[in-house]
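Worksheet: the structure to be examined is printed underneath.
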Amino acid sequence: MSSVGFIGLGQMGSPMAANLIKGGHSVKVFDINKEAVQALVSAGASAAATPAEAASDSEFIVTMLPNGALVRSVIFGDQGVTSSMSPSSLLIDMSTIHPFETDALVKDMTAAGFDMMEAPVGRTSVHAIKGELLILAGGTKEQIARAQPLFECMGSETVDAGGAGMGIRVKIINNYMSIALNALSAEAATLSEAIGLDFDTALKVMSGTPAGNGHFKTTWPGKVLAGDLSPAFMLDLAHKDLGIALDLANQVNVPMPCGAASRELYSIARAAGRGRQDWTAVFEQLRVTSGLEAKIK
Amino acid sequence: MSSVGFIGLGQMGSPMAANLIKGGHSVKVFDINKEAVQALVSAGASAAATPAEAASDSEFIVTMLPNGALVRSVIFGDQGVTSSMSPSSLLIDMSTIHPFETDALVKDMTAAGFDMMEAPVGRTSVHAIKGELLILAGGTKEQIARAQPLFECMGSETVDAGGAGMGIRVKIINNYMSIALNALSAEAATLSEAIGLDFDTALKVMSGTPAGNGHFKTTWPGKVLAGDLSPAFMLDLAHKDLGIALDLANQVNVPMPCGAASRELYSIARAAGRGRQDWTAVFEQLRVTSGLEAKIK
Amino acid sequence: MSSVGFIGLGQMGSPMAANLIKGGHSVKVFDINKEAVQALVSAGASAAATPAEAASDSEFIVTMLPNGALVRSVIFGDQGVTSSMSPSSLLIDMSTIHPFETDALVKDMTAAGFDMMEAPVGRTSVHAIKGELLILAGGTKEQIARAQPLFECMGSETVDAGGAGMGIRVKIINNYMSIALNALSAEAATLSEAIGLDFDTALKVMSGTPAGNGHFKTTWPGKVLAGDLSPAFMLDLAHKDLGIALDLANQVNVPMPCGAASRELYSIARAAGRGRQDWTAVFEQLRVTSGLEAKIK
Amino acid sequence: MSSVGFIGLGQMGSPMAANLIKGGHSVKVFDINKEAVQALVSAGASAAATPAEAASDSEFIVTMLPNGALVRSVIFGDQGVTSSMSPSSLLIDMSTIHPFETDALVKDMTAAGFDMMEAPVGRTSVHAIKGELLILAGGTKEQIARAQPLFECMGSETVDAGGAGMGIRVKIINNYMSIALNALSAEAATLSEAIGLDFDTALKVMSGTPAGNGHFKTTWPGKVLAGDLSPAFMLDLAHKDLGIALDLANQVNVPMPCGAASRELYSIARAAGRGRQDWTAVFEQLRVTSGLEAKIK
């Protein structure tokens, strides 16, 4: 069992720290919110008056804070973690912050002689309570192995994301996709209702197509990911159908800005001569438009 | 077994007509492309010189054409279907056209004393060949039952979409969602590559979250669809994470117009006071913004 | 003075026809709205019962209708213009319709041996009443010269747009720009208010910059239009400032979808290596992204 | 004549500092780039080794730096401005930074007993050289009056933006509008070329309409700004024309994401029942969608 300094006892941090205690670890907590600290103390933690105090004599320091500026100030600020942390301890930032902030923190910590990894989490506070978070670990294999006993108290699955900075990167990509998709789903569902279509019927149909299952495991593997752009469903036809949907939405006054934006990406692909390629070519085209090297000739 | 007039022998229509022949139906075909007609004749069809000829003495007339203007001209134009079709026959438009064009055709056919339903198809030409299309039937229960023997030759599943015009509506909603999602997926995958993240790692993570599985069967049923907007994942946090992703993308020059558009929908929800509601509230908000009545108080 | 058949007596057509009468022309009018016809008859027109009747014995036939499908039906439908129009007369479509519909009409009219030009109008019904419309003439120099006496009754300025189909094209480009700009202006003004900035101060500043005066006559002529992309204002800096504005808007919940979309165009330009070029390079880049040949090396 | 500490000698700062010297002021300069410092010394400045040194004994300290984090570090960091600045001196930040960063700096400076205002600049480095910048002054009347002799060396016009933080706000609003407008202009010009329209003709027409002159001084004053939404040009018609333009663009493969986004704002306005109001109602609607109180009943 280890000693852990835990900083940031919000909706996520509180249950995570509680689960570390339940797991038998010795936990010292800090938060600017005294009530949150008190609640954890009642659950078996000891209270620290500063980040420095939480870090001193702790083998692990965990930060779970709202944003990168706060993480930085808690680490490097007055009475910060680094003023007392041992070089043999490991700091684990589990907050969701900007990946370039993570990179800078790792760089600065390393330069200052400290050990740091990041391990942002997937899922929600409900999972935090149950100890069923998804741990997205960014660090060396050694760092991840060392932290794994802690992760097992807080989560039910650890993903080795592939090195320092990759944990937060996969977190951001995943959230990007799910958050934007939530809005896109709202567009489809609202249009459905506005044109008088029973949503359960729509759901039933979509549950058997990429509309409901995504493209990553359905249309992409055999096509764009395999380097094959011969058309299973021609990009020009996708563009046509999208045009029908957008016209319809505009006639019934359902704003569909995500879909409208997506059509312009198809236009870019068509302008690049991809109209008769498979619709998954929209990915290869966006790669090229982003300055990445073309993969498929 | 029935007599079928089939008009439109392209990538989709040709294998569909061939499967009707294989199913034992007597098929008369028309297309402005003589070679396509010839190929079907070799497969056992008889050739018609006009839509009218294809329609005469046929219990069913199927149209499978590129757009609504062509469907209308084939039905009501010179030598069109209605100049010879029997009032006791059933016309089935299987093309993907604008739902309002379908509505107008059904109205005009009914006014002229003819029987019409629509049955656009899901999946691709590969499925058309195998007779495994998804048939999205828009019509009365009687019309669908009557057409079912034909659908069974061409498809492996028929969905009763809920009445006239609903088949094409569910087709368009499904395609909207899958086509826009394809573009959104391209954004996530391109950003992943641009920031040096192994895409397989991203896929692995997303395959366990709404990013990979969609929201319709994961986050929505217990929340917005159940009328509960208490936060499992707070809308403000979703907005924050999306902001990080977009900032990142802009720094590495990956255009993400769909995601950028989606953020503005979250802004609308926040402006409406939904920041501390569940992120699925973006759907309820879009409903309201579209002029639909609020469902959740 | 000429004989004119005028079809379409709405908000625009009624005052235009009235001004032709005032100008001394002999006008025969048709509209499906009998009251509109009656009002013009009171003003000195004669009534026609069909488009054909309005066209017969008229040297000019003017159409001013809501959309292209109606224009086509009025010209080629039952009792349409072409059933009575003389080959020596000139049909002038002044409606705002899709340019490809105009092209098709001109082609079909020519094939049928008739003379047609288009002349959509700029400005509003207020100008229509005063006879101060902007006439955007698409046709041969001869057609325009022939129609000019009519245009002078209805408008205060005629632009020779450069040939058949160019009148409607310039109309659509102009309206695209002004309509989208209206929405973009709303974004800037709303953000201004949301951040507590006096809008008059904003207006005062913008009235001296491209924000208020546009780029066409300010930043573009010396730069991208002159083939010079050396930076007066670096594209990277524009991208940075836009990012500040969008972040600000997102913090105060002002949705700015146009601006958000524009940032992605700057990302495309940056991905193409144009970050250190002049910001007007966004035009050259969009040209290339649209498949047009690069003009500036 | 005054003593000025000038920090940040880039494309803008160098000529601005040089103009202060020409104006007779005594200027001490600091930049991390030694060559930039050297060049100014040759022009008559004295060199400072740190921000603190530049600030000591200077009545004014000017900062002209790339972003807010740098401005903060130069002011409050090690050897920063505040370690030597006199409470009777005035710090003027002329950089373009995030308005909330400006607000925080002003707050922190005031709390620390220092005097600060912001004065970002409009126009470009060409104008910086000529001393013809547009000075957007955010501060009290006293601060602005005190700084005016300096502004007169660097610029040709000073705008009193209305108080602390308002200079940077008006700068950001102005830049938002001009930068997004640049991209929108690119869309219109590219579409024009793609449909074969002579751009000079387009320019000629637009130079007489809101497309070329903006809405702030043309359509808005008599309508939405005057509280009058009776239609001079009906919002529904604007939406229709925009739809034509977008359809056209999609057919010729010109991506127009800004225009596409703008159409969705018109949809929102239509959904809110504004279709028959004046098109300038898109502003009032966006205000309401942003959570601002409706102004027009």
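Each chain gets a letter, A, B, C and D, in the order it is written, and its residues are counted from 1.
What we mean here is this: a contact is a pair of C-beta atoms (placed from the backbone, for glycine too) under 8 Å apart; a residue touches a chain by one contact, two chains touch by 3 or more.
All of these numbers come straight from a predicted model, not from anything done at the bench.
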{"item": "Interface copy of B-C among A-D, A-C or C-D, judged by whether over half of the contact pairs recur", "value": "A-D"}
{"item": "Contact-richer chain pair [B-D vs A-B]", "value": "A-B"}
{"item": "Relative to chain C, chain with the most remote C-alpha centre", "value": "A"}
{"item": "Separation of chain B from chain D, taking each centre as the mean of its C-alpha atoms, in whole Å", "value": "46"}
{"item": "CA centroid of chain A to CA centroid of chain B, Å", "value": "31"}
{"item": "Two or more partner chains touched - positions in chain D", "value": "247, 253-257, 260-261, 264-265, 267-268, 271, 289-291"}
{"item": "Touching residues (chain side chain D, partner chain B) in the complex", "value": "257, 261, 267-268, 271-273, 289-291"}
{"item": "Residues of chain B touching chain C in the complex", "value": "239, 243, 247, 249-250, 253-257, 260-261, 263-265, 267-268, 270-271"}
{"item": "Touching residues on chain D, where the partner in the complex is chain C", "value": "67, 96-100, 122-126, 134, 136, 157, 159, 161-162, 166, 169-170, 172-198, 201-217, 219-220, 232-233, 238, 240-242, 244-245, 247-248, 251-262, 264-266, 279-280, 282-283, 285-287, 289-292"}
